[in-house]
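Below is a structure I'd like to ask you about.
Read from first to last, the chains carry the letters A, B, C, D and E; within each, the first residue is number 1.
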Amino acid sequence: MSRVLLRDVSKVFAGTTAVHPTTLEVPEGHFLTLLGPSGCVKTTTLRMIAGFVEPTAGKILIDDEDVTGMPPQKRRIGMVFQDYALFPHLTIAENIGFGLRERRQPKAASRARVAELLDLIRLPDIADRFPSQVSGGQAQRVALARAIAFPPRVLLMDEPLGALDLKLRETMQFELRRIQRELGITTVFVTHDQTEAMNLSDTIAVMGGGRVLQTGTPQQIYDQPRSRFVADFIGQINFLDGNMNGSMRLQTDSASFRVPHGDATTGKATLAIRPQHVILQNGTVLPDEYDRLEGTVISQVFNGNLTHLRVDLGTTHWTVESRPGTNSVQPGQRVTIGWHPSDATVLTQ
Amino acid sequence: MSRVLLRDVSKVFAGTTAVHPTTLEVPEGHFLTLLGPSGCVKTTTLRMIAGFVEPTAGKILIDDEDVTGMPPQKRRIGMVFQDYALFPHLTIAENIGFGLRERRQPKAASRARVAELLDLIRLPDIADRFPSQVSGGQAQRVALARAIAFPPRVLLMDEPLGALDLKLRETMQFELRRIQRELGITTVFVTHDQTEAMNLSDTIAVMGGGRVLQTGTPQQIYDQPRSRFVADFIGQINFLDGNMNGSMRLQTDSASFRVPHGDATTGKATLAIRPQHVILQNGTVLPDEYDRLEGTVISQVFNGNLTHLRVDLGTTHWTVESRPGTNSVQPGQRVTIGWHPSDATVLTQ
Amino acid sequence: AAAQKKFDNVTVTIGIIGGPWIDRVNAELKDEMAAAGITMKFVGGTAQDFLAKLIAAHGQKFDIDVVEIDDTSYADFRRGNFLAKLNLADIPNLSDLDHSMYDDYKVAYWASEPGIVYNVDKLKAAGVAPPQHYSDLANPALAGHVMLSDINNYTGYYEILGMAYEHGGSESNPQPGFDLMSHMKLQSFGSSVATEIQLFKTGDVWAAAIPAHIGVRMFDADINVAAVHPVIDGHKGATAHGYLGITQNRDNQAAAEFFINAIIAPHLQERLYTEAATIPINNSSMAKVVNQVRVDASGTPFLQLKPEVVAQTWVPDFSKVDKRNWVRQWQRAVAAQPQ
Amino acid sequence: MRRWRALPGYAWVGFVVAFIYAPILVVIGASVDPGYRISTRSYLVFPPTGFSLRWYASIPSSFWQSLWFSLELAAIVAAAALLIGLPAAFGLVRGRFPGRFAVDALFRAPLQIPVIVTGVAFLQSFYFIASLGGPALQGSLAGLFLGHLFLATPYTIGSIAASLQRFNPRLEEAALTLGASRLRVMWRVTLPMVMPGIYGGLLYAFLVSFTEVTISVFLAGTSTKPFPVMIFESVTSDMEPSVPALSTIVFLGSMLLIYAMQRLVGMEALLRSGGNST
Amino acid sequence: MTARWGLFLLPPLALTLLMLGFTQFIFLKSSVFADLGLGETGTAFTLENYIEAVTDPLYLNGMKLTLELAIGVVALTLVMTYPVAYVLTRMPARTASLLLAAIVCSSFVSVAIKILGMVIIFAGDGLVSRFFRWLGVIETSMQLLGTMTGVVFGYLHLAIGFMVMMLFSVLQTIPVKLEEAAQIHGASRLRVFWRVIIPLSLPGVLNAALIQFNLLMGAFVTATILGGGKVLTFPVLIQRTLVMFNDYGLASALSAVLLVIVLIINIAATAAVTRRRVAA
């Protein structure tokens, strides 16, 4: 249970900067997720914390101890790899006990600890099997048990659930969170799945283009994205491009729209609003304080509990969410949509 | 554009029945998805249509022609494999043109067709690259182009999007659907991702334990699941076990609940209701016609545009969905939840 | 207590023709040598092989004490100064040998009679009369079923020189022999007793230029063969010898000479005659084995054993043979053969 | 699936295996032929005219010695080839330095020199060393060992390199995060994982040494004569009649060896690393 | 960290270089001096050995014969073993490993004795001839000793076992998926072979084929026994030059010529395939 700090860390691979100077703090016991699209150096960042990649500049501190040049085996970290990296020639129990043996724990104590961990991951019966004889979900839990057997100062996980199918992934998210909470281990988690990040994290660091773009709680990231990239990456969102001219209004070619709180900036800006905050005027009457736009329905996709409408607004397409049954529209139909200005956000980046 | 029919098809592997006798029809031009958890023989079924696995019994017909014993290369089928299976030694253009050359199409016509397909998949510039030089999403589209180059009677796809990241997967779903619609190819698609199945399919065949459990439109499957397995696999759902005693009520240990339309059966039954149909009595007043239950909030997970509450009802846990902000509860709090009986379903399997 | 041993555990390494020949020699002499304090070690090979090894050693210490020598290679052994001068007085059994059988550097220990061996049944079936001359082997009716001895084998010289003489050549002019060979369609060249017998047995070879004593062994293997001793240069039949010599700078030369003496002892020479059908080289043994001559199916002896006949057999004058050129001529003749 | 479609393939496999085994069956058959006269011992009799194990009883001690010598030689060669091949394979697969391809080519070079050239070259070099007052390598175990090692090492390197290339480096990283030092990682993770390649390399090296004739013919000495040379000389001079019996014993022995290896690693895993790293 | 792995190469590299460089140097040295007979060489530099080696039709024909033989046998071996290795990779693992084990075991038996076994099988009165005669197909016997056919058969026995093992390790890296992809898009089994399996295995196959080729270019045992003194391949000529001529200068020159030709073929073949791959 320790605090991790990356201070101005950067990494240059063969002349090109992969990781731009980054500062990131993971408070003690926190669950921090690095979230971002493929290639945004999530893995590289994690591997720098683990010690497999040496930063070109900057420092990495664990509990105020500078570990920047320290070899991985001395850092006392636990790591769960995407493909689990279980040792195929060792049994499950031997896999879990690997770190204990390497740290010269007494045999009896190790045995007890392995049994305890098998209980923790709710797989007491597979101790003597080999990794090839367990399912993906089981392997995932074994990898976790192995990583925390000798209590690590930090637990690192690189897309540990990526290979599981949807239902199993959801179950494992619960499990992961339960175990992390129970033990209170400082955790850095990597994923490109925003739902997963939302479900699991205390803090999310959204990454893109080799840097951390925004850090915050899931709710903060969702409600107050600071850039178009973040807004778009976290959930669905609709954009409307225009200009701010010092007032609290966004001016487009054809109309102007109110924007919520915040400074009255000038220059290019984008109004962003989530689909669930956009209401379709179809039977219902839009309240007066709503801003509105007209468009044509392009398509309608039924998606379990929701229907997604794509609406062509001329300059852009928006997605509007509606409960099935409440609005019945057909592709091609002209519709009016509206939203409350306080649900919108203005992005200037 | 053809019709595919599996008639009483079954498959026995080394003494154990993998596929139980299955009848399945894919109407001309339809997009049918085989959906189910890992190991439910989705791939095996697809491979029987392709001709890589010979059914132990039953017949496979394409356009009323019995193809059961026909080798794969004679079936005129297109197939997209999970890992794409592009030929690493051939260029993208050669990959796409593979089937044309094997079917002895004139060179010039083939070249034109390849160019046309590269346009269709919106990648006109990568013709001369090799598969190792294209990204995952590009490779996926190339695999699709290859499969449809020589217009197949049926297009088979085995989890073609499984290896892509979330954003890319969503984009590709749109692309897939667009191309399939444009060409009107009869398609059988395999996935274990219910959202994907919902987004793409005309018809979903939910599989489990070696058989097709239910076939229908996405809406039918979602709204009228015929078994607990199907209901649980498609989206989130809450269950309440009890007994039916001929009346239109489900009797549990402590209370009885109304059930919607349908026969008044007897015996063990389960009431099933989607989270979004369950309302939390917190500030709002539940209408009189609602059935209700009391419980304790266990946890609250913010998930982008929704908050999921887990509520302990004593015999079971339910998930209740609510828009953030509308209800503010804390774990540990006692709450009353309610639902309209017509939103519930009774499952007897 | 054992009787006084002549030597104090001396090992003698002997390089002679391999295979059962070594087994035979070893079996016959093991006890006698052990009693004298000598351990024998054997290396298989032809005289040619040992000469090559001695040359390759470039005067380095050589690990074979006693080596096989034949008429064709003797001059080279001497020219390279590879042989030690023998202490003939320490080889008392020489008294039983004709003087032509030994000199200061070599002692004969077996003899054979290069000639022709043919399969009586196969030739009869093919309607071919038994060959009388080497040149008869070129009979087109025998094409593909004739074997000559290979060049790595002393018999290889006899067949070429035989054919050369039959066409006006001689040791100094073997070309007519090579010319004839280059036109023959041969089954193969024989280089080992093992394959020679095998090929007669399987019926692939009907006639071969090989020593007559191998005919005896074939006869024992139930092949109906007969031997022919062609007349060359007025001599009926030919004789070839195998010799032993001792390599230079041995510290166990006395033991080696003791071994040579033992192997030319009459009883041993007679054993080798009965077991391997080689011809003894000492006079008393010859007198004895002449009464045990082996005959073919028609009652004709395989070997010429009467001393007066043996004395008249042909022995080529190898000093007149240009060996280096010989090998080239041979290879060219082989390369020129019809396939 | 549709078994008959695979039939031509299986038939071809059968044909090739039969082709390989036909002469071996003849040799085994001939080994039990009870031929009784000396002359009949110089060739193989097949089909056998009876059944007898007399040739098994009369194998000359020189042949046993040579067989034993060959086994010893092959074992040392295999061990040494491993000692060289292991670091070489690690260096080749994991090293990143200019000229790696040249080094790779150099390690393969012994397989590109005609064996007879190698044999003669080693022979002359040995005499040259001796003429300078160095050790007399010709005819010694050490000399044969060097010649065989030269020929066997490329196979071993190839085999280990192939399995190393398939090795998942995440496993090593996992071990490091679990506190194992680099040495311990090597011992507990890397080596066990490349074991099939190691076994494969050992098998190849052993086989190369145990069946080598061409080099051995030049380098063999009087008391250091490898078994295949013994057989070669026997076949090219006057045949030792128990050679078929001995060959049968070698064949049966190899079956035992392979069975043991199969139990240890599984033939298929072993051949997956196949000495062919390209 | 990666640089350190390179250091592991130094000892094996030094050893290989020493064994390779030293022996070849000593060996090739004698090729540029006149032969004085009985293994003695002159001290004056001369190219006469090389001139003889590359002008004498005997050696030229020998080289031609050897190249034809080696290439022919490698081709034949590939034809025989490639389908075998392929079928093995697609067989149930248990059966495949059993068959592989059988093939490996057969390699332990000396080629020399196997050759005698073959002679019997194919001899005039041998099993195969009798069988064919019984079928009424062939009248004359199939001669192995002293014929090209025999040498080819002997070489095949030398090469097949190793070749199956090597090709197996190459072919099993080709995913079955690719075959299925080709098949479903209209390729027959034969076309799948031609368009997918063969091109993908080409580099590995070439590597294995070159190893066999090199081996055959340097083998004289089989040609000696089965050639019956009639098939004078280059290695047999070298061996005879050494053992019968005792002409070291010429033997070295001949060997050097052989070495150069083999190396050129290796480099050319590898370059040809590598170029294709670089293009790929």
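Just so it is clear, contacts are C-beta pairs under 8 Å (C-beta built on N, C-alpha and C of every residue); 3 or more make two chains touch, one makes a residue touch a chain.
These numbers come from a predicted model, not from an experiment.
Visitor: How many links in the shortest chain of touching chains run from subunit D to subunit E?
Guide: Minimal hop count between subunit D and subunit E: 1.
Visitor: Name the chain pair with more contacting C-beta pairs, choosing from B-E and C-E.
Guide: The comparison resolves to C-E.
Visitor: Return the distance between the CA-based centres of subunit C and subunit D, expressed in whole Å.
Guide: The computed centroid separation for subunit C versus subunit D comes out at 37 Å.
Visitor: Nearest whole angstrom, what separates the Cα centre of subunit A from the Cα centre of subunit C?
Guide: The computed centroid separation for subunit A versus subunit C comes out at 92 Å.
Visitor: Round to the nearest whole Å and give the separation of the Cα centres of subunit A and subunit B.
Guide: Each chain's C-alpha centroid was found; their separation is 25 Å.
Visitor: For subunit D, which residues are shared contacts with two or more other chains?
Guide: Those would be 5, 43-44, 124, 234-236, 239.
Visitor: I need the residues of subunit A touching at least two other chains; which ones are they?
Guide: As it turns out, subunit A has no residue touching two or more other chains.
Visitor: Specify, in ascending order, the residues of subunit E that touch 2 or more different other chains.
Guide: Correct list: 116, 120, 224-225, 242.
Visitor: List the residues on subunit C that touch subunit E in their complex, please.
Guide: Residues 48-49, 51-52, 55-56, 58, 76, 79-80, 144, 147, 150-152, 186-191, 194-195, 198-199, 202-204, 324, 327-328, 331-332, 334-335, 337, 339 of subunit C touch subunit E in their complex.
Visitor: Which stretch or stretches of subunit E touch subunit D in the complex?
Guide: Those in contact with subunit D are residues 2-3, 5-9, 11-13, 15-17, 19-20, 22-24, 26-27, 30, 80-81, 83-84, 86-88, 90, 93, 96-118, 120-121, 156-157, 160-161, 164-166, 168-170, 172, 189, 203-204, 207-208, 210-211, 214-215, 217-221, 224-225, 235, 238-239, 242, 248, 251-252, 255, 258-259, 262-263, 266.
Visitor: Which residues of subunit C touch subunit D in their complex?
Guide: That would be residues 13, 15, 17-21, 23, 41-46, 56-58, 60-61, 63-64, 191-195, 197-198, 201, 216-222, 275-276 of subunit C.
Visitor: Please name which positions on subunit B make contact with subunit A in the complex.
Guide: Answer in residue numbers: 37-38, 136, 165-168, 192-195, 198-199, 218-219, 222, 233-235, 274-276, 301-305, 321, 323-324.
Visitor: What residues on subunit A touch subunit D, complex-wise?
Guide: Residue list for subunit A touching subunit D: 50-52, 71-79, 81, 83, 85-89, 98-99, 102-103, 146-147, 149-150, 156.
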